[in-house]
Each structure stands twice: as structure tokens, then as C-alpha cells.
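See structure below.
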Amino acid sequence: MFKILNTPLQVSDLKQTLHNHQAGACITFEGWVRDINEGKKVLRLEYEAYAQLAEKEGAKILAEARERYSIINTLACHRVGLLDLGELAVWVGVVAEHRGSAFDACRYIIDETKARVPIWKREHYSDGARAWINCANRGDHKNVTR
Amino acid sequence: MFKILNTPLQVSDLKQTLHNHQAGACITFEGWVRDINEGKKVLRLEYEAYAQLAEKEGAKILAEARERYSIINTLACHRVGLLDLGELAVWVGVVAEHRGSAFDACRYIIDETKARVPIWKREHYSDGARAWINCANRGDHKNVTR
Amino acid sequence: MIKVRIKYFAILREQRGLDEEIVSTRAINPIQLYLEIATKHKFTLAPDRIRAAVNDEFVTQDYALVDGDSIVFLPPMAGG
Amino acid sequence: MIKVRIKYFAILREQRGLDEEIVSTRAINPIQLYLEIATKHKFTLAPDRIRAAVNDEFVTQDYALVDGDSIVFLPPMAGG
């Protein structure tokens, strides 16, 4: 299951749902809000999702991971809204009998999520500017608004 | 820091110590007690460590990971004593600016830990037998005791 | 002419100044429709950087639009 | 003859039936010492599967033992 949530992600609850006595390995990925991106000081992040399609595409990615790698279960959540520094934006958990396939699957899921799931991020900078990430048009920074 | 502990590992406390505003990615590995190993039903696991050398060698592995990969911080703990099914035996956490190096470092740490850190594991089976893992001598299962 | 619903997200929502609208168009596919509205509303994202979804499914840019479709133009993804 | 302390872990502790002991030996290195005690106590692990540590540091099997050393024979690791 891939969920878009507009409230803080509860990691221990998420991980709890993956508990399984056949599982020997649990890998989690957490994406946290960083204070610097490409040299600019970030105050907070704003995430926006096209939730219906994001959850559908996310579920597809999780199903692909189950097909490609020998894993027992997986779950991913992405938060939307305004996030402060250090807050958790995305969580991916994978459990498997053995660790190799859990690492591979977790990496596949977060890589594909970033590439394919319709979620957008706007950085809010200390100088008051805001910018949608990956949306600069031919490098002209027209997406920066004040 | 690499710690050997004889009490249940507190994941949220461990992860808390890794929080950092420069970090964009946190990867964790958890090793859980599985109910089956090589076809035999496992009731519980017993871990024993040569703690002084284990913590020293573990710290060396963490230092190697910091040298090899671009990471911000890392921490690992291994529990010893009797563990029930589903309990957490080992935890490795890595934070980095970007996820690629965090995944690589986490995998390096757990692979090297299993190979080099003096910790031993005895499985307790449903038929009352117990066996030290990796200690069968030329496949003759002499290490199984009842 | 067909009528379609367009939903806006992220930079497009901001540049359009609204979440969704119903438009009448002669565009026969998403790329034509994007060019039409991008010119009108001065969207800064080049059409080759946009993907399209219709009725909550990804579609190719030559998908044949039909009356009543609900279309979303997707700026480059930036989750995670 | 030197006197060394031997600490036992895991399968060796179990097979020896104690945690540590002080032994007098003519062995000049860990591998000789292991062969000596393995024969005496019927350890099942072949010497090539054992590593040695002296004074809480890994050593090679030809490390020159000195009086008062504290030695540990390490069965194959199985952490994780």
C-alpha cells in the first residue's frame, strides 16, 4: 500500500504493520527535510500530490518490487503539506527473509517513486523566495516567486 | 558507535541520535528473529558476543563506512542473550545528505558486521535441539546438542 | 468543440491561479490542449517537460480527448 | 612454559564447560595452543575455522605468545 498523508508520518505504526515471523530483515528509507539544497538555505518544504494517481502509481511500484525481488511485504507513505526542517517527508519499509532483496527492493521503490509518482515540492528559502523543484524552464529560474 | 546490548533495542531512541538538519536520507537495517532457518522451525535465538572486541571491530567498520561513503553519521547496535521470534537482534542506521551513499554504507556495515564482528548465534528448535550457527564441522552436525 | 475538466497542481496551479476549470476546446489531444492553455496563461514549463493524465491514468500526449474527460498536466515529479 | 589465560565463547565455551581458565603451555602461537586444547577437550571445530584474538585484538595464527597473554579462540562469526 502506498499512502499520501497530510499529517506527520508515524514510523513505529508503519513499521508495526510489516512485522512478520518469516522476515529476517527490515530495511527502511526515510526522506527528511534538509536545510540546504544546491547551496540555498531552506526553511521549510511544501509537498503537493495528485493523490489519486500518486497512490495508484505508488501501488504499482510496490507491486513491481514484489515481482522483481524476493520480499515478504512493503509499505510506503508520502506526506504532503508544509514540513519543517528535519521532518519526515517519505517513508519506505520493506521486509524480506534475507537482507539483499530487502535493500534492492527499498532502493527500487524510492528511486521509482521519485521518478514516477506525481508529487511536487516547493522549497521556501530564508530570503523569502519559494521555488518549485525541477520546474525551472531551461535554467532561467522563472519558477522562483517572491 | 557500535554497541553490544543485553536489553531490547530501542529503535526510536537510536534513530533520534542520528537526527541532523543536513541529512536528507536515513536508511535503517533491522535484523529480526525468523521462525525458520534452512527448513528447521526456530523457537528462539541466543546471541553471545565477545563484547570488547565486538565493539572495537564494529567501530572500525563504522569508521570504514564513513571513509568509503559520503555519509553524515551512523550507529549500530547488536543485542545479546535470548531473543524471541520477531525480536530485533541488530540495528544499523545511516544518515547522509543523499540516499545512494546511505544505502551503500548501510549495506557495507551489516555485511562486514556479519563477517567480522565476534558474535555467535545459537538456534533453539521446536524439537528441543539447539545448534550454534556456522559451527557444523565439515557438515557432520556435531554441533547440535539436545 | 469538446468540454474537458482541467485540474492544476503545483507550479501550474500557481500560474493558472485556480485548482480546476472546465474549458471548451478544439484540441484533439493533451499536447495541443497544453499549448493552447500555456500560451493563454503564460505557463513557463516547456511542453516537453509535461506529462498528461486523463481520468486518473497516465496517457501519452497523443491520447484522443473526448468530451467530459478530466485532464491533469503533470509538471516534472519531485517527490521524496 | 608460559602461562596464558584462555577465554571461551559460544560452542567452545559449551564444549569446554567453562568461561575461562589459565593454562601452562609450550605452544608458541595460537594455532599450536588450539591444537593442544582441542585434542584434550574434543573440540569439534577444525583449526582452520578458528581465528584468534590476544588481549582484545585480532592476531594471526603465528602470533608469538608471551607469558600473561589473554587469548580467545573465535568460532566462525554468526552475528546479525
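Some points to look at:
First chain written, first letter: the chains are A, B, C and D, and each begins at residue 1.
The definition used in the following text is that contacts are C-beta pairs under 8 Å (C-beta built on N, C-alpha and C of every residue); 3 or more make two chains touch, one makes a residue touch a chain.
Predicted, not measured: the structure shown is a model, and the values here were computed from it.
Both subunit B and subunit D are touched by no common chain. Ranking all chains by how far their C-alpha centres lie from the centre of subunit B, first place goes to C.
With centres taken as mean Cα positions, subunit B sits 26 Å from subunit A.
As a whole-number value, the distance joining the C-alpha centres of subunit B and subunit C reads 50 Å. Inter-chain spacing, taken between the CA centroids of subunit C and subunit D, is 73 Å. Each of residues 31, 110 in subunit B touches at least two other chains. Across the assembly, subunit C contributes no residue that touches 2 or more other chains.
The list of touching chain pairs reads A-B, A-C, B-D. Subunit A meets subunit C in the complex at residues 31, 47-50, 52-54, 56-57, 78, 89-90, 110, 113-122, 132-135, 137-138, 142-143, 145. Of all residues in subunit A, those touching subunit B in their complex are 11-12, 19-36, 85-86, 95, 97, 99, 103, 106-107, 110. Interface residues of subunit D facing subunit B in the complex, by the touch rule stated above, are 7, 9-11, 13-14, 44-46, 49, 53, 56-58, 72, 74-80.
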